[in-house]
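In what comes next, chain A is part of two complexes: it sits with chain B in the first one and with chain C in the second one.
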Partner chain A sequence: MTATVPPADRPSGVGRAAPPRPTARAWARENLFNNRHNSALTVLLGAGLAMLAAYGARFLFVTGQWAPVRTNLTLLMMGTFPRAEQWRVVVQVYLLCAAAGLVWGGLTASSRDRAADADVPFSRARLRDGVRRWWPLFVLLAVLLGMTRTWLPLAFVASALAGGVVARRAMEALPEAGRRAGWFGAGVCALAGWQVVSGTGGIAWWWGSALVAAALVRITGNVRSEARWQPAARLALIAGAVAVVWAVYGRLDFGGVGWDDWSGFQLNLVAAAASIVLAFPVGLAAAIGRRSQLPAVRWLSVGYIELIRGVPLITLLFMGDLFLGFFLPTEDPLSKVTRAIAVMTLFTGAYLAEIVRGGLQAVPRGQVEAAWAVGLSAPRVLGLIVLPQALRAVIPALVGQFINLFKDSTLLSIIALTEILRIRESIHGQREFLVTGIAETLVFVAFAFWALAFTMSRESQRLERRLGVGER
Partner chain B sequence: MTTVTADSDDRPIVTLEGVDKFFGSFCALRDIHLSVAVGEVVVVLGPSGSGKSTLIRCINRLERHDRGRITVDGIELSNDVRAVRQVRRLTGMVFQQFNLFPHLTVLDNITLAPRQVRRMPRHEAEELAMGLLERVKIPEQARKYPGQLSGGQQQRVAIARSLATEPKVMMFDEPTSALDPEMIKEVLDVMQELAGTGMTMICVTHEMGFAREVAGRVVFMDEGEIVEVGTPHHFFTNPTEPRTRRFLEQIL
Partner chain C sequence: MSLSSRNAPSPVAGAAHAPATGWWRRAGFLSAVGQAALVAGVCLAGWWLYGNLVENLTRTRIPTDFDFLTQPTGFAIPENFGFDPDLPIWRMVLIGVQNTFLAGLVGVLLASIVGLVVGIARLSSNWLVARLAQIYVEGFRNTPPLVVIVFFSFAVFSFGPLPVFPEALDLKLPGSASNWLVLSKSRIGIPSLSAERHTGLFWLLVLFGAAASAGLWVWRSRRHVRTGEPHHRVLWSLGVLAVVAVVAFVSLGGPYDWSWPARSENGRRLVSGFGTSAAYLSLTLALALYTASHIAEVVRASILAVPKGQSEAAGALSLSPFQRYRHVILPQGLRIAVPPTINQYLNLVKNTSLGTVVGYADVTNLTRTSIGNANPAPQSIAVLMGVYLVFSLVISLLLNVYNRTVQLRER
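So, the complex of A and B:
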């Protein structure tokens, strides 16, 4: 390894160690104090930062009057949600944690298998990585638990998280064949989580039936190769099972909580989550419709997108609140929250459509031609070739829109829904907090939003990085 | 159809009769008559903008012709979507820019069409794909993404992907024009081997060596017309048309 060997002739990296990481001292000298001018700047800015930090810390830990938040923590989180039904939310959280654990475990296991297939090393994400990944959420949880001063919430959160971790472990340990059952279990948990809150009403009927039908299609489809299920027998079996599920749901009656009972930060979360889930397909359909060859579909999409994008969300929310019901041919009007979610869905859908359209345009024409040339049908070209590439290109913008939607859920307060901002306002109507802690409650609300929005943003960056693997 | 060997059969598999193609008012193809026999290797030459690419893109309907008839294996191309898909299944196409699907692994690129179009089970499709990758001599790259391969390797994957639908005709649209010089040969070798197996091929290329050695027939195009058709020997040593002579003078 002499200096006379030109670098290009050497096999890359052989016998070459990466330069050692500089010590903190060396790094500081190199980057902060490398000349007189920069040293002065460093000292000045450092002093400024220290002062800001000191002020912040004093506000948080010394002068801040957090009593209004602490006293009303449950109110901020749940608002007017009926307290007698709180157990439903508790059970839901357990179920969703289990579902999330199963999904996480399933994803880990399948990427482990893929890594084994491709013969590359695989390192399993540990809990530590999870904490590092979602630290803003854990800080939020810690703040909430720190303010409660009873052990019950802590025990609840800890056991729910532990349940998720156990579910993940279990899923990972399953053999590949058993994992299908695990995925099914995750679906059941999510469904049950939904069900336990909404009771026997709502769309849980459809979910349940669809889940059972899907499972049976899978099962009979696998068996078919040996046992030769007759298509008619298969159909009859599935129809029968769906009918049974339907009938059972009809008989069951364990109450439930309607949309309108949601309130507090829960309402922000539920409204935003529902709108995000619903707006995505709407936006996708509008974006594809805008490029359709059929003029009627195209005009409809363009009309929807441009109409909605030209009107402020607040105006739309008022419109939805005041007269959306008039257009619907039902006797009993939709609940206020349902209408608000519908409006937020339509609003976000229009923006998503434009984002997705940008992604569609970024897919080179050659991709479509190559897919046609091998004989793929138009829907498959779209679903297997164009959309995966288009959506990947616009993940940051999509998530940005989702974050906007989440934050815009505070606008629900102006149509008199008791989301967190409105609850906060009402707190200062309480006699002891009329003028106390006005800034503190706002800071708390801001922090709750920030923790979640920042996590979403980090996750989108992570997703982007991961999907980018092998692209270039 | 399976017993046919190269040069043994004059039955045409691709025929074009009086085909015109316009882009707006620009005439890209003008009264094209061409028929390609089973097992034949046709090389299409001509200056850029002469309509070579448009010609083969009309054959699998990536472009729509405006007049005349195009038939592939007895199926006429029309606005009937099913006929078009049928023809696309019978033809394979290799593009200048490879056009591999960057979000899929090499293996998935190749198995996509067999699994989606021919409904082949996964393991069967993967066996087929591995066989094809052996044929283009890069089986070790199966799990990589296209972006991780060199241009020559990508183009060979593209050839394997086209072969996966078991086409009766392969079309090449300047397959080596986007490659670094040292990678051209590996692609041409694969194409030459393919021609040796009796595959019907229509190649648009600027590789004169390939045309001379592999082509059964050379078609020379200029300004959207077929100017001259002949054996490579005739074409390179004794062309009749003045436009052909001028072209050869410029490139040789």
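So, the complex of A and C:
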């Protein structure tokens, strides 16, 4: 979380003289031509690489027929999302950018405070650092914007990014007390960003009340504040707040587009994100169950985990597509997308369970014994001692699992959901693109996935280093 | 959650309060009741789900038993593999299993080789080699495997808009009329061997040669241990084997001959040589290259996990870089790499199910087609899952046994 305190092991220019930069000649001698084998390899590979690069560049800029992508850009991104409702996505992006900016600003501010406490110099992450870390995302954005025909998308993206930066600045400028409100604001922005698209109907009020309840639990449960709340009063307050939220949501119904109507790249993102969020409790329960001393619980967990991990996702998706609805009494009340997400949740739960189990095993036994010794009850040992340490250690692996799930969301095309790969296929059903640009559309799709997955994996590696997983 | 943890502190709490607690509050009793309730709940839920399933199947007149397995499949597939519409469905499943196995096996072998090479290359002292390996790994690792498979199938082999392959291509041997590579729309032909005469005798002689070379290997090794003179056992054994094989081949008058791939008259089929489908090739290649990127990371991490002093000590003994890897680093590093590599193998085998997208006749694709032919889906999918579970279990069993044999035994 300490986003910008330079760790001691990295030469950051503070207190350590940078080694003199070698000349290009010396560098090449050291790294390319240090012995006969390497010289031969360098020359050979260099020639091959140059040829490949020339070929690639020619494909990208000269011979590549990008018209299928250019013409169908919106289709690829949003699929059949109702065009009249597009404003919802626009508002969503603004809100999510604001939320991301607030979170980023909050992280920067707290690490600045911590650096001040520890009396170490602090250098604030600049936009330049962001570009260096997330350049694939910016390249993807540039490609997308380069293919649009109007200026509107450029203005939109620029203003959304600017909004995020402003939110970050504002969060940083806030005093510590105000920052808590900022964090709450980030939550509200994220929630509103989700609901402006999906609408406030259905069970959406759950999300709102869960957020409010969590905030209230945090505020009223603050041990340090003088006015400690009585449990009954806390419960009443939370119940009342939830009731208010419920009432508000009941009145405030302004339509929306459920995930059944989402498609294109948007569906890939939503399916992956929804599945991993929904799978988390499943995986947590299965992981704890697998380490339980109760044989029934353990065997049930092991059965679930190993059964799911032993079969490919595609067989489970077929199950979801063909007869998942048959397990329920009424005649198939679930939509196709819902069934697919349910199956992906089931699938991811098993993998998350194994990841979380790894984290649980990494918690030293002495921690648990110490917690017993101070007389904590079993749920509290788990909630206060074990899980915080275990989950912190597995965050990078969780990101890795999300990347896998995101890549696996292409499998939805096999059960005829219109995610991006399916849309690509349908593009080549259009008369003018029957045989043109088959490689080009695939390259585009692959690049879109690559840019996001690569950025996430680099961030997770960064996080791993920061958290010092496996080093303490 | 609370169930699982309730008895966790029992050693402490139970010991301290045992006399004062009633039997209904003992950890043992509570855990028994809790588990019984859980099992009962799961059974009830399962029974309810199963009841719904049977009811819904009966309502929609779908059979609820496994009798369909003995019915004829009623469809044909382009690659035939001895497939015909009269075969019962269980035979179809077996053919699918065989195809899955074929793709998985070749994929695993290829992925291991490429992964090992790339993993070592990532640590090369040559900047260009290390960078290229890194680009390879990061490129493949972050792309969906399905996209890679589709790319190979559609962009490389079938349509060839990458202008490497025109629509149909025959590459001739220089100065002859024989092709060494034939590419047509969906088939790829390479030369193969055709049996002419005395093949059994030939292989018998080769077997003798192999036995002799194994004996030589042992002799050279022992001699090396006894006297310390260089063993050169690879040279000796392979040399003897090669000499025996060549002599046998010549003296038997050529038991095998090349069969060069050639196109049939309408140009759609291959009449000789070894033909493989583009679907198989694209699936196997794509999966191998994709999984290799993961294996390369495993290999790299394992090599880095070998203490640096080992490599330095080997250098101090003036071992060459190859010897350093062969005798010091890899034996220790690959031992660490075995468990994560098992996972990658399992992933690859499970990913062969993606061949259904490019029309490879693996078990998933065949099952899907048979469900399309009005065979009951739940039972078919159950059989399919069973097949993959057996695959996973067998692979992890074999490799775990192997893992146990190579792991370091600590005191």
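For this structure, a couple of remarks:
Here is the rule we use: the second predicted complex is superposed on the first by the 368 of 472 C-alpha atoms of A that agree within 3 Å, B and C clash if a C-alpha of one lies under 4 Å from a C-alpha of the other, contacts with A are read in each partner's own complex, and residues count from 1 in each chain.
Following the convention adopted for this analysis, a residue touches a chain if its C-beta (ideal position, glycine included) is under 8 Å from a C-beta of that chain, and two chains touch if they have at least 3 such contacts.
Keep in mind that this is a model prediction, so the values were computed, not measured.
In the superposition on chain A, A:374 makes contact with chain B only, while chain C stays out of contact range. With both structures placed on the common chain, the touch criterion links A:60 to neither chain B nor chain C. Applying the stated contact rule after C-alpha superposition, one finds that A:34 touches chain C and leaves chain B untouched.
For chain A, the partner that touches more of its residues is C, with chain B and chain C as the two candidates. Overlap of the chain B and chain C contact sets on chain A: residues 372, 377. On the chain C side of its complex with chain A, the touching residues are 1-9, 12, 31, 34-36, 38-39, 42, 49, 52-53, 55-57, 125-129, 132, 138-139, 141-148, 150-151, 154-155, 159, 161-163, 350-351, 353-354, 356-357, 364, 368, 371, 377-378, 381, 384-385, 388-389, 392-393.
Interface residues of chain A facing chain B in the complex, by the touch rule stated above, are 117-119, 364, 366-367, 369-377, 380, 384-385, 388-389, 392, 467, 469-472. Residues 31-32, 34, 38, 41-42, 45-46, 49, 59, 63, 285, 288-289, 291-297, 300, 307, 309-315, 318-319, 322-323, 325-329, 331, 368, 372, 377-379, 381-382, 403, 407-411, 413-414, 421, 435-440, 442-443, 445-446, 449-450, 453-454, 457 of chain A touch chain C in their complex. Contact residues on chain B toward chain A in their complex (touch as defined above): 60, 62, 85, 88-89, 91-93, 95, 97, 99-103, 105, 112-113, 116-117, 143-145, 147-148, 158, 161-162, 164-165.
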